[in-house]
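If you scroll down you'll find the structure; I have some questions about it.
Chain IDs A, B, C and D follow the sequence of writing; residue 1 opens each chain.
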Amino acid sequence: MKQLLVFFSFVVILTLLSAFTFIQKKKVVFFGDSITQAGVSPTGYITVLQQMLVKDGRDKGFDLVGAGIGGNKVYDLYLRLEDDVLSRKPDLVFIYVGINDVWHKKTYGTGTDPDKFEKFYNKIIDKIQDAGAKVVICTPTVVGEKKGFVNELDGDLNKYSEIIRNIARNKNVELIDLHKAIVEYINANNPEDKAKDILTSDGVHMNDKRNQFLAEQFYQFIK
Amino acid sequence: MKQLLVFFSFVVILTLLSAFTFIQKKKVVFFGDSITQAGVSPTGYITVLQQMLVKDGRDKGFDLVGAGIGGNKVYDLYLRLEDDVLSRKPDLVFIYVGINDVWHKKTYGTGTDPDKFEKFYNKIIDKIQDAGAKVVICTPTVVGEKKGFVNELDGDLNKYSEIIRNIARNKNVELIDLHKAIVEYINANNPEDKAKDILTSDGVHMNDKRNQFLAEQFYQFIK
Amino acid sequence: MKQLLVFFSFVVILTLLSAFTFIQKKKVVFFGDSITQAGVSPTGYITVLQQMLVKDGRDKGFDLVGAGIGGNKVYDLYLRLEDDVLSRKPDLVFIYVGINDVWHKKTYGTGTDPDKFEKFYNKIIDKIQDAGAKVVICTPTVVGEKKGFVNELDGDLNKYSEIIRNIARNKNVELIDLHKAIVEYINANNPEDKAKDILTSDGVHMNDKRNQFLAEQFYQFIK
Amino acid sequence: MKQLLVFFSFVVILTLLSAFTFIQKKKVVFFGDSITQAGVSPTGYITVLQQMLVKDGRDKGFDLVGAGIGGNKVYDLYLRLEDDVLSRKPDLVFIYVGINDVWHKKTYGTGTDPDKFEKFYNKIIDKIQDAGAKVVICTPTVVGEKKGFVNELDGDLNKYSEIIRNIARNKNVELIDLHKAIVEYINANNPEDKAKDILTSDGVHMNDKRNQFLAEQFYQFIK
């Protein structure tokens, strides 16, 4: 009888604990393009983030979810916001988009005008905040890794980064200035002035060993 | 006394009739780009439609509303669908968009990919139908009026017209094939093979006397 | 002795004939882009033309030379006109260019403006004619094989074809209207309305069995 | 009599000197786009250069000729090199081109690929040098005057400037690094970070009072 009581107490405590854990576990959604789609691969930046959380013993507190689709621009995120983000009832959403909005101007003639970029971006933030989640936004990384802003799209990437920095200020949301960070990293680590192979495999997508770099940029914002 | 009774009966009947009319008055929204924005001007196609309704004594039955903004592409319509269309509780919505989706590829590098065009278009239809309104969709008119498909964007405009025709079939919504109608009109009425001044003032926007043409295409669908 | 005389007479006649043939052998240069570059491959259209000449016993009269380079636009031809064509002292030059002038607008933002296209084209003809050679010009083939001018670039390809037809008229040079021929062929032979695999392997480049089609268009102009 | 002799000697010497001067007068051609076309206007940079020469008493030594045409790209210069430059038998040619090669990618889809840009540029230099003239080449100025490389085309303008700097090195010709000079000037003189009105009236074309800036960049190379 006493054993049974102990057993039941144990069950109750476990249940309470797991309930507690369940309640506390924050859902973190990474909302973006092909870089984020690759982020959940075995070496991707979201996987690295997960490993960092494990190492720090913080992994019980967070549920990291990748919601990246290749080729996505800001308005593609808006189109699938409800299905891929809000329906998951996130606590925290990272928005990491902008490269294709610039790049596709050149490759397909289907990039995004800067004023439209800003409009859709703001509306996405509004809808996520209305759903009660916190938003952290990121400037785009790079297309080409040469130094001195001589990569063809550097001017436009700087311009869209500025737009995102202004949105962060105006909306008072946290900003991960990936563009600034990656440009500084490249300036310090690209002595031969190569167009790729510093942080990226092709000028755009993170190479395996460098997902660490990206993960570190996000890490402190997972809280 | 008898006269007074007659008078009051008349007032009551009128009131009932107007109430009935008020209840019956259908809200018709024209959702589109600069052509629709200009549609509500004194000579615009929506104004001409209104005059046609008056002439036929049908104007009491319909409330025509213009919801066009210059430069809009399909995703711009999606962004402002709630505010500019659904909030008005329409009975009937005409979607007339597509020129800028093609044209801006060339002029700004910010057109719309065909697969994205289709996705946003379908989603707009779904949301309008979910709100209980009927949808009628239109193929885009033209950019340039030369015959024989020698205008630079003719191929792509044909392609996007095909996409819209397929959407109409798949979703079983009514279609106004403006592109077909205008191409036929131009073939029959442009003996000198001019690039503009047949139905348009600049190759794109309707000239004043020709809003009649556009209004006639819409007229039978106002019911 | 008599036999020897006969033999020698025979040799002399043969020598004279071959000398005559040698003198008469016309140098024919095909000046163009990747389609012409592939034209000299074992199944290419220039190789097929050579085989047609052999079959008709006319091959001794002509020396066919391919001068195609992938990605070339009209101004690229102009840049290498001296080195790749005029230095070979041709009797007849086919100019077959225009697809990349249209296509690269979309894929790289580096197509050719129509007025510039015309200017360079005219200058190339002038320089070849000044060098004493005959010129035959061709309209561009296609990008995509769907019917009804719904391929994205159909309008612009029609436009540039018109420019070339006008050049032929104005300069009084012979024209091979490849664009017209291929569009007619596709209309008659593409019942499933496929985007490729009728005459091309990818919408642009001739598939092996269909180089015959292209060769036939050129054949009558080799004279 | 002696005085007369002295006088005549003086006249003869003067005549000889002026003849000598006439022979020595160097023909300087400015070969470029709309900026150079506007350079010969009453306030244009070539006019300002002429005034600087007058002020320094060096105007007798040089004949400044503008050969700029609006919208020109590197291959347009190549097309009219013979007619507009070489036929004038220049001693010195400034090549100042590149903005439209970058800009028209976006506005018309008809910019110039970097490898083609280099090829045409080199060929122009070769032909001018073969004609016995000296060549001085210039990096392009700007499209937009905001600081920190946030103007849309800054990356590509930097890239094409690098191409020109490399050509100068490889061909051992003198370079006027206008791009570097104007960027430095803007960084120092645009405290409000405006997009135009610092050195340009529209982000591209020099405003009146600032043609002085451009003229000063060229001045020391007129020798």
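Everything below uses one rule, namely that a residue touches a chain if its C-beta (ideal position, glycine included) is under 8 Å from a C-beta of that chain, and two chains touch if they have at least 3 such contacts.
Bear in mind the structure is a predicted one, so any value in this text is a computation, not a measurement.
Homomeric contact chain A/chain D: same residue numbering on both sides for over half of the interface positions. The chain pair B-D and the chain pair A-B differ in C-beta contact count, and the higher one is A-B.
The distance from the centre of chain A to the centre of chain D, with each centre set as the mean of the Cα atoms, comes to 47 Å. With centres taken as mean Cα positions, chain D sits 53 Å from chain B.
With centres defined as mean CA coordinates, chain B is found 40 Å away from chain A. With touch defined as above, residues shared between interfaces to two or more other chains in chain B number as follows: 105-106, 108-109.
On the chain A side of its complex with chain C, the touching residues are 106-109.
Across the interface of their complex, chain D is touched by residues 75-76, 78-79, 104-106, 108-113, 116, 119-120, 123 of chain C. On chain C, the positions that touch chain B within their shared complex are 105-106, 109, 144, 148-159, 161-162.
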